[in-house]
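Following this message is one structure expressed as structure tokens.
Letters A, B and C mark the chains as written, and numbering starts fresh at 1 in each.
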Amino acid sequence: MINDLILRVVTKWLSPIIILFALYVQFHGDYSPGGGFQAGVIFSTAILLYALTYGLDAALKVIPETALRVAASFGVLLYGGVGVVSMLLGGNFLNYSVLADTPLAGQHIGIIVIELGVGITVAAVMILLFFTFSRRVDPE
Amino acid sequence: MNEQLTILLVVVPLMIAPITALFKSHTISWILTAIVSLTSLILSFIILFDVIDGSHVIYELGGWRPPWGIEYKIDSLNAFIALIVSAIACLSTIFAWQSVPKEINENNYGLFYAALQLCLLGLLGIALTGDIFNLFVFLEISSLSSYALISMGRSRKALTAAFSYLILGTIGATFFLIGVGFLYAASGSLNIADIATRFSTFADMQLVMTGFIFILLGLGLKAAIFPMHSWLPNAYGHAPSVVSIFLSATATKVSIYVLIRVLFDLYPVAYWQALLLPQILLVLGCVGVIYGSFRAWQQVELKRLLAFSSVAQIGYIIIGISLLNNDGITASVMHLFNHALIKATLFMGAGIILYRTNTTKLSELRGFGGSMPWTFAAIVLAGLSLIGVPGTVGFVTKWYLLSGAIAQGKWIVVVAILAGSVLAIAYVWKIVEAMYFNSKRKMVIQNVKIGDINLAKAPFSLSLALWIGAAGCLYFGLYTELPYQSAQSIATALLSSEVAP
Amino acid sequence: MIEYILGHINYWFIIAVMMVGLYTLISRTNLIKKLAGLAIFQTAVILFYVSLGKVTGGTVPIVDEAYTLYSNPLPQVLMLTAIVVGVATTALGFALVIRIKEAYNTIEEDAIFTLDQKDHE
């Protein structure tokens, strides 16, 4: 598959568009359907597509595994961190209203950061799953 | 009191587990786990003393009002379960210090401890939440991490055990989810307290009963109630020692806690009395006691023997619930605590034997009791508690269970408990016989070099954890105040919410 | 009778999907096929929840002045979580199957059982 010209070219053009769409789903998620889960999965498909056409080693050069592990943990920490910050500011855990001057602005900030955490973790975990599985099987 | 403490019980493991997963060093991961379990223990103690008088702590997650938002409603039962879980987590963490480096692949230390913390997080979450879908999510968090933990056992059988647990556990959780769906379709709410208060308005709907049966089946699978226990012996028998200790003492207990919540708080007692459920549970409990004890007696391997004895002990708890009177419920709730303590101690004993001799086959342990007298003394002490000898924790529960059964004139229960106790004597005797009375055969212990330090010296942290457990068995058998007071207040609260039968 | 069947058409489909999943789960000895059955079974529950939230004539639950009747978004949100749980379960199951394959060199349940019996002796 690595030598298939059409696939290589299409992948090269398609990957950035997929990533762009993932970012749109991520950051427009508080106004329209979307959010961290969906964006994370869409983002990971771009990397998966790249890995399928160019091989696992090439994909690992784009995103090393250590970075993925750190990202997966960081997403959860970001999520929990928002909760803890809102607790420190005097609200309940995950009460975004206290994050800014007005509750409405607070809710906006809260949900965007939360969904960012979810998106990072989901993307990292999906890519990690693919990498770990594909490395276990002999590439015949 | 500051109710923010309740959520910290869930937040602390949530924040520390992902950090732990990044480390490869055993020391750092262990210290982080120790911090998590110790904080949980302290927090559960504070919360329990806060609510033991029958009051509630209510925590609205994210500041959303229930029934729309997720609400954590802590009464004495929640706090009691959280205390059991975090106390056992502390014991397992002490035990882990020297047992994990021996049993787990060194590349996986961080991931192992992270999974352990996530399992703790899931179990604590189940114990605290008042939202039934949130409960499902926590149930899956704890189950998924426990599948992973079990699969890290040393023999390849651990893999198949984890796989069949994964299949059955997921079926159980999915059944629970279907049940919750039916209940949601009928009530339009996921908040346990909200559903309970409005129950009479939709009690006649077919959906409610279908949902009830699905929820019961799902929880029965998760709690390993006879005859849905088939995953338990393999899973606990082949898991790494620390995981056996932690899960055998907490995972099924927490599922039984959910069962108690569903039976007493979510659905009115009269509703399932009309379905003859107390009678069904009573029979299942009695058969479970005798079957579990009998199968335990048949086993030739220590950890599997203990796992089957768990099936029997779950039977006792189910009997207590089905009696529907104060003594019965008190006995059940106390047995949640007592059995957690006993089983943790026994599995710690088995873990030490495994650590030092590389085997838990009873036939290969012949006459080994003389070489490690203190370990075996603790095992015998916990074994006596399992039988229910006066002065140990096991006696206290059986006493209340018997008095509850006699008060209701359920003589079949008395027979089952006595038969179960006789069989318990038989299988505990089997351990004692193997350890003390068989001729010592020097070279049977495999994989251990002669003069190996492992044989000569009991590792300190392992013995410490074991003896804390054994001392607990004795202490709470003599001074029953803390568990009894909590159990009494829980039983009164559970029964008072309904018209007594 | 016909009306009853047609009126609950979504439930009949869901029950069918669920039974296909459970049957695959129970009848197959191949561990991968078992996991596939499990995934189908979980999918049926997801369909069940989503069909619970559908309000006849209701639109997508996004606030807009032109519409007043919306479908219930809560079951869909719940199922988002259940999907994630399902993905995690399946991934964990596959990971276990790969390790079982490495340890036993087979993924047929009865072959594994025979190997375990041999170990026991």
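Things to note:
Following the convention adopted for this analysis, contacts are C-beta pairs under 8 Å (C-beta built on N, C-alpha and C of every residue); 3 or more make two chains touch, one makes a residue touch a chain.
From a predicted model like this one, the values you see are computed outputs, not experimental measurements.
Counting contacting C-beta pairs between every two chains, the top pair is B-C.
Chain centres here are means of the Cα atoms, and by that rule the chain farthest away from chain B is A. Separating the centre of chain A from that of chain B, both taken as means of CA atoms, is a distance of 36 Å.
Chain centres here are Cα means. That of chain A falls 24 Å from that of chain C. If each chain is reduced to the centroid of its CA atoms, chain B and chain C end up 28 Å from each other. Residues of chain B in contact with at least two other chains: none. The part of chain A that touches chain C in the complex is made up of residues 32-33, 37, 122, 129, 132-133, 136-137. The residues of chain C lying in touch with chain A in their complex are 60, 62, 80, 83-84, 91, 94-95, 98. Touching chain B in their complex are the following residues of chain C: 25, 31, 34, 38, 41-42, 45, 48-49, 52, 75, 78, 81-82, 85, 88-89, 92-93, 96-97, 99-100, 103-104, 112, 116, 119. By the touch criterion stated above, chain B contacts chain C in their complex at residues 133, 137, 140, 144, 147-148, 151, 156-157, 159-160, 162-163, 166-167, 170-171, 173-174, 177-178, 181, 184-185. Residues 69-70, 72-74, 76-77, 80-81, 83-84, 87, 91-97 of chain A touch chain B in their complex.
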